[in-house]
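This report concerns only the one structure given below.
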Amino acid sequence: MLSQFQAVGQALFTQGLVSSQGGNLSVKLGEHLLITHRGSALGSIQEGDLVETGITKNSRATPLASTELEVHRCIYQNTSALAVVHAHPPYAVALSFTEKEIIPCDVEGRALLAKVPVLSTNMAEKLGELAEDIARLLKEHRVVLVRGHGSFAASQLLEEAYYYTTVLEQSCRLLYLLKALGVAPR
Amino acid sequence: MLSQFQAVGQALFTQGLVSSQGGNLSVKLGEHLLITHRGSALGSIQEGDLVETGITKNSRATPLASTELEVHRCIYQNTSALAVVHAHPPYAVALSFTEKEIIPCDVEGRALLAKVPVLSTNMAEKLGELAEDIARLLKEHRVVLVRGHGSFAASQLLEEAYYYTTVLEQSCRLLYLLKALGVAPR
Amino acid sequence: MLSQFQAVGQALFTQGLVSSQGGNLSVKLGEHLLITHRGSALGSIQEGDLVETGITKNSRATPLASTELEVHRCIYQNTSALAVVHAHPPYAVALSFTEKEIIPCDVEGRALLAKVPVLSTNMAEKLGELAEDIARLLKEHRVVLVRGHGSFAASQLLEEAYYYTTVLEQSCRLLYLLKALGVAPR
Amino acid sequence: MLSQFQAVGQALFTQGLVSSQGGNLSVKLGEHLLITHRGSALGSIQEGDLVETGITKNSRATPLASTELEVHRCIYQNTSALAVVHAHPPYAVALSFTEKEIIPCDVEGRALLAKVPVLSTNMAEKLGELAEDIARLLKEHRVVLVRGHGSFAASQLLEEAYYYTTVLEQSCRLLYLLKALGVAPR
């Protein structure tokens, strides 16, 4: 399990999809979840960087968990997801300010993601307050984008949620490059 | 042979020319071909990620092959290629929406590729339906670009087809950068 | 201590935040500081690349220190910082020509940096002449940007000052991408 | 010597300053020079990838040398350089179509390079025909840019010529980013 966190974390960091201490990952284990530590560096996850706590109940370790624990919990409570990847893909975040939903125009993005909703938010709001909206949208979408913040991808496997994240960024980079030329993709 | 797939796959992934599970590679071996597995991660190809099947006949392993097997087969049936690289180079894909053919304006791209045709396609079409067009164009060109999808490069060696792919992206990035400034390169 | 310099230096170089011999790092050790050698390659710091000298007094090794020693000294004399990272993050440097202060519009940047002042300078000025301005601004800000030059981040740990630098660049890249589309982020 | 070629070649490739088989490197050794092999992959130089030949006289190995041998020879015949790096830095090549000379607006670029002349060329011309112009300009400049082709940096050490190349690209990326916003840097 640790090695899956390490592989996905390192890939996200190396590809520039999280800053050195940004982003977080979790998997569901029955009534529990395993989530990255508050402020842990995804590029070099160590054993001590994983925190186990309940999906609904707190454990002694709960305060050590990522500040976005509540979003992860809410997703597991409301969807069939077994793994969640939260990242800050740069082109996706840029388009989160200009689009209400992302509709990929490349074959891979369209086949895999079809449509990615963008949750707008005012900056004063805490992310925890968006947890229910994120979870609700992840019932019908593989990835949700939160304006000015980043992506939440949910799936059965950590690696799959990572894959959705990279395809989102690939599609958004393409949409951005076309938008910068003033070209509508269809 | 495995090590050639690994070297080329890792280079494509590291340079951002495929997403974590995008793209596919094959080589021709007499009446057979060796192709990457459906959904395999090019960045870390293992022995089990290579599937052997016939150029014209199916084998038991055929259903495991990349979903783009038909394109690879069609290329081997209609050209003298011994290796095919399919990738999603970002600037090349962006220009696939704006150009009917790519004419490199850098010395390396012009010497190596001269001209790269762009196959337009509507999204409803399956890629398999384009297989014959791709193969036909690869008789006269080293690389073909499919709109909104990616590049197909054919050559005698996997490494050479990879090289054509990187030069295509280098030329397209240059053309894009100039286009974004409103500059015509000649 | 060497390993911290190496980890941070390599990360800065790998992510394109310094050129092959650009940027410099230091930590405060009581009345002394440990700083990278003049012209050392941050991507591959060796033991001999670290120079120890006084915060106020020169040592025999002083002439070997980074040309920006005076800025580092001035920061340690005027703030409670224990570590300083100077880098050349490309999007941040680009915005240093267009903005008087950087106000991140992403959640991570806003939470961590709030506001990053930009020191304008004419090219004739030596960086040493700006040392006091930089130090003064670092009393109230985690990072300062110097026009046409780069960022100075100060913190208690080298890794933390590095983290601020990466978040600055992440925020500036986002601001740049929106600016290039003609979009105001709020 | 081999290890210097390897370190510089790998750095150029990893940073995207050459395509997989583009660019070439040489050093002067008395009346001889050691140059990379025709079509060698700078990212993974092996011992067999280095070719020794005369500065003025051919050896049996001459036909194996990089196709740009004549430019390297001409530089060694006309300047005091002991090492030459030829690369294809993307932003520098883009600006080679829009500028007659590159004047860096960042402190590092200005201090190190001051001004980089751009040799314009029509595509029909062979690069060999420009060899004398390149060599002449390298008497007074550390780097010369050839339109649509790339950079030639000359110095006493391979690593230094590589450093000039990375600083050129850093300066050109900055100039490009500002130009794309319609901002003049001064």
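When the chains are written out, they are named A, B, C and D in that same order, and each has its own residue count from 1.
Everything that follows uses one rule, which is that contacts are C-beta pairs under 8 Å (C-beta built on N, C-alpha and C of every residue); 3 or more make two chains touch, one makes a residue touch a chain.
What you are looking at is a predicted structure, and each value in this text was computed from that prediction instead of being measured.
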Maximum centroid distance from chain C, chain identifier (CA atoms): B
Same or different contact residues where chain D meets its copy chain B, judged by the half mark: different
Centre distance in Å when chain B and chain D are each reduced to the mean of their C-alpha atoms: 30
Centre-to-centre distance between chain D and chain A (centres being mean Cα positions), rounded to whole Å: 42
Junction residues of chain A - those touching two or more other chains: 180
Chain-level touch network, classified as line, ring, star, complete or other: ring
Residues on chain A engaged by chain B in the complex (per definition of touch): 11, 15, 105-108, 110, 162-163, 166-167, 170, 173-174, 177-178, 180-181, 183, 185
Footprint of chain B on chain D - complex, ascending: 16, 19-22, 43, 88, 90-91, 93-94, 97-98, 123, 127, 148-150, 176, 179-180
